[in-house]
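Mind having a look at this structure? Questions to follow.
Should a chain be cited, it is by its letter among A, B, C and D, assigned in written order, with residues numbered from 1 in that chain.
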Amino acid sequence: MARFQIFVTYKKGIFDPPGATAERALQSIGYGEVSSVKIGKYIQLEVADGTPESRVREMCDKLLANPVIEDYRIETVEGA
Amino acid sequence: MRDDLKPELAPQLAVELGLKPEEYEKVVIILGRTPSLTELYMYSLMWSEHCSYKHSRKALRMFPTEGEHVLQGPGENAGVIGVGDGWALAFKMESHNHPSAIEPYQGAATGVGGIIRDIFTMGARPIASLNSLRFGTLDKPRQRYLFEGAVAGIGGYGNCLGVPTVGGEVYFDEAYEGNCLINAMSLGLMREENLTSATATGAGNLVLLIGSTTGRDGIGGASTLASQEFDEKAEDKRPSVQVGDPFEEKLLIEACLELLDEKLLVGLGDLGAAGLTSSASEMASRGGVGLDIDVAKIPAREDAMKPFEFMVSESQERMLAVLVPENLEAAQAICTKWGLRSTVIGTVTDTGRFVVREGDEIVADMPATTLAHDAPIYDPAMTRPAYLDEVQAFDPITGVDHPACEYVLDDILLALLASPNICSRRWIWQQYDHQVQLNTVVLPGSDAAVLRIGNTGRGEMTNRGIAVSSDCNGRYCYLDPYVGAQIAFAEAARNVVCSGGTPAAITDCLNFGNPEKPEVFWTFYESVRGLSNACRAFGVTVISGNVSFYNESFGSPIYPTPTVGLVGVLDDVSKHCTLAFKAEGDVIVLLGETENEVGGSEYLKLAHGVVSGRPPAIDLDLEMAVQATVLAAIDEGILHSAHDCSEGGLAVTLAECCMAGDIGADVHVDDDLPKYAALFSETQSRIVVTTAPADAERLVELALANEIPYAVLGTVGGDRLSIEDTVGVTLEQLREAWEPALERALAGK
Amino acid sequence: MRFGVVSFPGSNCEQDPIHAARLLGHEADFVWHGDTDLSGFDAIVLPGGFSYGDYIRCGAVARFSPVMAEVVRFAERGGPVIGICNGFQILCEAHMLPGALLRNRGLKFLCRSVALRVEESACQWLELAPGTVVNVPISHNEGNYICDADTLERLNGNGQVVLRYCEADGTSAAEGSAPNGALDDIAGICNERGNVFGLMPHPERVVDPVCGLTDGTAFFTAIARRLAEVG
Amino acid sequence: MARFQIFVTYKKGIFDPPGATAERALQSIGYGEVSSVKIGKYIQLEVADGTPESRVREMCDKLLANPVIEDYRIETVEGA
C-alpha cells in the first residue's frame, strides 16, 4: 500500500476568513507575536501499491481540491 | 495628475475593459483629455451593463413604481413598502449567475451576501431570504455539482448570518445547462423613521470604510464576470472569484444598524459590483457633492496594490459611511465594539468632482455624476424571434399521441410527481435555517412563506404578517414572453393569496441573453411589458429589481426568465392558510376552470419530450376575481386549505394537498375534457380549496359574487387519492414518488 | 426568574431564547461576551449561531471570551447553564461538558424537526418523564456528537445523557436514529451535577404557538420551577 | 519573521466524516485503488523571530487543535 499526503491551500489573493479569524483570535488571547495564519487542508491518502502520482493529481483536480480557488502540493510518504 | 498609463495605450485598454469606442470617446469629451488608468477602469465598470443598465433602462420605465404602500421605489439599494403600524419592509432580488457558474458555492454565497447588504444599507434588519435557481438537467454531473454547490453556498452564508431562508423555486431544463441562474432575494424590516439613503452630503464630512480589508479579488469582476457571454474562456476568469466571509457580514449588520439607531451617520452605502467606485460615486451623485478619496488609507489585504485596484476591488463585506466629524469617535467605537475595522479614507467636497489620490498624488479626477448617471443609454434594436412562429404553430392537442387508455394516467401522475421540476424541495430547504428569529409562521413547503412582523430581539411583536413567493416559468416565457411574464406575476400573487396575503409590491430579477441581439431584446421588452401590465392590472408596484443580461453559452440564450418576487401583507398573521388538506369529510372545491392547455406543460415535456405550443392563456380579470374569492374566504375563516394549480396541473395539486395533510381524497373532474387534460393541463387562475361541509354553501356564494367558475370536486378522506376510475394511488405511492426524487436525481439515479 | 443570554460575535439565535423566556413570563436579557458580571441572572443561556464564524472549530474562539470565565464560576457555584446548538459546542470546547461535535455525517446542514426521547438523567433543566418523546427542530452543520468509550460509559452510568434522537414512536432504529450520525444517538448531555446542559436541538424555537409546536416550553419552565423552590 | 507549519489530524478511532465521504466518492468515480482518505488541517503560521516552538505548541493546545479529538504535529519552516 502506498501513502501520499496532500497540502491544499487557497490560491494567492484568495481571502481566507478562517485564517484571518484565527490570526486575530491568537493575538487577542496573548500571542501578539503572530503575524499571519493560513488554514488549509492536510489530506492523508492511502492507495494501492504502484499508484502513480499522476493518478493522485487527477483525484485532487476532480475532488480533493477546488482548482478554482485552491492550489495543492502532493508528497509521497516514504517507508509506507 | 500622475498617470500610470501611456496615453496612446488608453483607447486599446478601454476596449479590453469593455468600453465601446464611442463610449471611450464620450469619456474623453467629459474629461476634456485622455483618461488616466484609474479613470479608465472606473468608467469602464460604471458604464458596464451590470452597473449602468444601459440596454434596459428605457424599457424598465414601463414599470409602475408608485403606489399606496411605497416608501422607496427603484433607485436606492432596495425598495421599501409600508406594512402597517409604522413598520417598513425593504426587499430586492439580485442575480449572481455568472460567478456561480464558475464557483457555485462561493458564487451563490457572495450573491446572498450582496443582496443582504443592499437590505441593511436601507436601515432594515434582514429577516428573510429566498432563492430562485435554474440549472440544466440533473443527469449531467456538472449540473449536479452546480446545484449542490449553490444550495450549500446559499445555506452556508445565510445560516451563518442568522437570516432565515424561507422559500424560493428551482427548475431544471436543458436551456440553462451552460448558464445556470442564481437569483437571491432578501427582505428586511425596520421602523419607517429609520429608512436611510445611500447619499453623501455636507462638504467636510468624512468617508468611513467599514469592514473587511481590500484585496485584488474580483478585479474587473463586474464587467468581466457579469457583462460578458459565457464560453470556454470561462476557465481563465476563475481567479476573480471572491470568497465570502459571512461572519464579517454578520458583524457589519449589527454594527451598521447600531450606527443608524444612534443616528451617527449622514449616509450609508454598500460595496458591491465595481466596489468602492460604484458605491462612492453613487452616494456622491445622489447628494450632488464631490468626494476626495485617498487609496493609501485603505487597509490592504495584499502588497503593492495599485490605486485602480483599490477603486475597483470587489472584496466582500465592506460598507461605506458618511458622517460629520463630530460623530467619528462614537462611530468608530461602535465598529470596534463589534470587532470591525473602520478607516477614514476621504472627505466630502463641494466641487462635485470625484478625486482619487494616493497620498498627495492625484490619480483620478472626474465629475462624480458622470460615473453613475452619464453612462450612455441605448435603444436596442428588436425583432420578434423566428422560432416563435414555429413553436406557437404547434398544436399540443393533435401534435402528440396522448394516452388513449386511462390506466396509464396513474403512472404519468407518479412520474410527474417524481420530476425534478415538481418533486419535494425538502432536500434544498432543510439545508437552510428557515426558522431563526422565530417569525416564520408558514415554513417552506407551502405555496408562500408567511412571516410574522416583529423583532423578537427587541420584544417588538405584532400580529401582522407578510407572505412572500418567487416565481417564473421559463418555458412559458420562451413560448410567449409577454404571457409568460404575466403568468410569473400571477402565480407569485396566487401563491401569496393562497397563504392569506394581499399582494402589495414586487421585486424582479430579469434574466436574459445578449441584449445586443434584436431577437433576445424583443423577448426582454415583451416580458417587461407583460409584467408591467400585470402589475398595473393588480395595482401592485415594482419597488426594486435587477437585470442580468448575457446569459448565454456558445451563442444560445437561456429561456427568458423574468423572476418575480412578490410580497403580500396579512393584517392578522393568524389568518394564514396552507396547502395541506385538514379534515376527513371536508369539501374540495376548484375555483376557476380547467381548459385543455398542455402547451409548455411539464406533462408535455415529460410524457412526450416536447417544449412547444402556446403557454396557458392568462385572463388577469379572472385571476383577480379568483384571488379575491380566496382572500375573502380566508378572511371569513371558512377555508381549511388552499393550493394553486401550477406545474403538473390539477392532479399534482391534489396530490400535494394530500401528502401535506397526510390524508387522501376522492374527487371527480371535468368530464368535457380528455382525462389527460383534466388532470395535467396547466390552465392558470385555478385554486383548489377545502372547507367544512357546513361552509361549502358560503364558499359558493363568494364564488358567485365574484362571478368566477367553480366546481365541487369531492371530499377529503381515506389514505388514497382517487380521481374517478382514472387515478387511484395510495399516499405511500405518492410519497414514494415525490419525496426522494431530488436525492435520487442527485445520486445520478 | 431572570435568564441571561450571552451574545458572542456571530451568535445569531440570541434573541430567540429571550423571546421564548419572556413569552413564558420570565425575565430575560442579553449578556455581552465582554462582560464579566453575571450577578442578577438566575440562569445562563449560551445561544445558537456561528460564534466567530465557527471558524477553526465551532465554539473554539468563543470559549476565550471574558464572559466565559464567569460562566464557568457561575456553573461551579451550581448556577444553571444551558448551551443550545453553538452553545453546546462552546460548552464542549470550554471542557464544561465532555466530548466534541463533528460535521454531520451527511456533510449537510440540517434544519428540520426531530423526535427526541427524554432519558433518565440528573439534568436540572428538564423534568419530563423518561421515555417522553418531544419534537424539536435541529439546525446545525456540526451536531455529530463524539467522545471516547470511557466517557460514554461515564455519561451513561451517571445519567448524563439527557436526550437521544429517536423514531417518532420513541424507539431507536437499529442503524441509529441520529440524523447527524451522533454517537449513541446523543442529542443532549449534562454534567454530573445536572446544572450544565448542552443540546443540539433548539427548544426555544418551539415555544411560541404562533410558529406552531410548543414542545420546547418544558425546557424553560422546569428550571424556573426548580429555582423558585430552592428560592 | 519565523515560519511554522502545523498538521492537525483526528485522533485514531475518531470518525472523520469529510474523509470518509471523500473516500467513498473517489472510489465511486473510478479510483478503486483508494483505501483510505483522512482530511485534517494544514496551518501555516508566521510569528516574530525567535518565537520558540513551545509557544506554538501552546497555541495548538489552546486554540488551533482540540486535544479531545485531534492530534497535531509542528514543523519549523527553514529559510524563512
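Just so it is clear, a residue touches a chain if its C-beta (ideal position, glycine included) is under 8 Å from a C-beta of that chain, and two chains touch if they have at least 3 such contacts.
This is a predicted model, so every value here is computed, not measured.
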Comparison of A-C and B-C by number of C-beta pairs in contact, larger one: B-C
Centre-to-centre distance between chain C and chain A (centres being mean Cα positions), rounded to whole Å: 34
Between chain C and chain B, distance of the C-alpha-averaged centres to the nearest whole Å: 36
Chain centre separation (chain C, chain D; CA means) in Å: 29
Centroid spacing, where centroids are CA-atom means, of chain B and chain D in whole angstrom: 40
Chain C, residues touching no fewer than two other chains: 52-53, 55-56, 61, 64
Junction residues of chain D - those touching two or more other chains: 62-64
Multi-partner residues of chain B (each touching 2 or more other chains): 245, 247-248, 339
Set of all touching chain pairs, with the criterion as stated earlier: A-B, A-C, A-D, B-C, C-D
Chain C-touching residues of chain A, taken from the complex the two chains share: 17-18, 21-22, 25, 28-29, 39
Complex contact set, residues of chain B against chain A: 102-103, 106, 212, 215-217, 238-239, 241-245, 247-248, 301-302, 315-316, 339
Complex contacts: residues of chain A adjacent to chain D: 1, 7-9, 22, 25-26, 29, 31, 33-48, 51, 55, 58-59, 62-64
For the chain C and chain A complex, residues of the former touching the latter: 52-53, 55-56, 61, 64
Complex interface listing, chain A residues touching chain B: 10-11, 13-17, 20-21, 24, 66-69
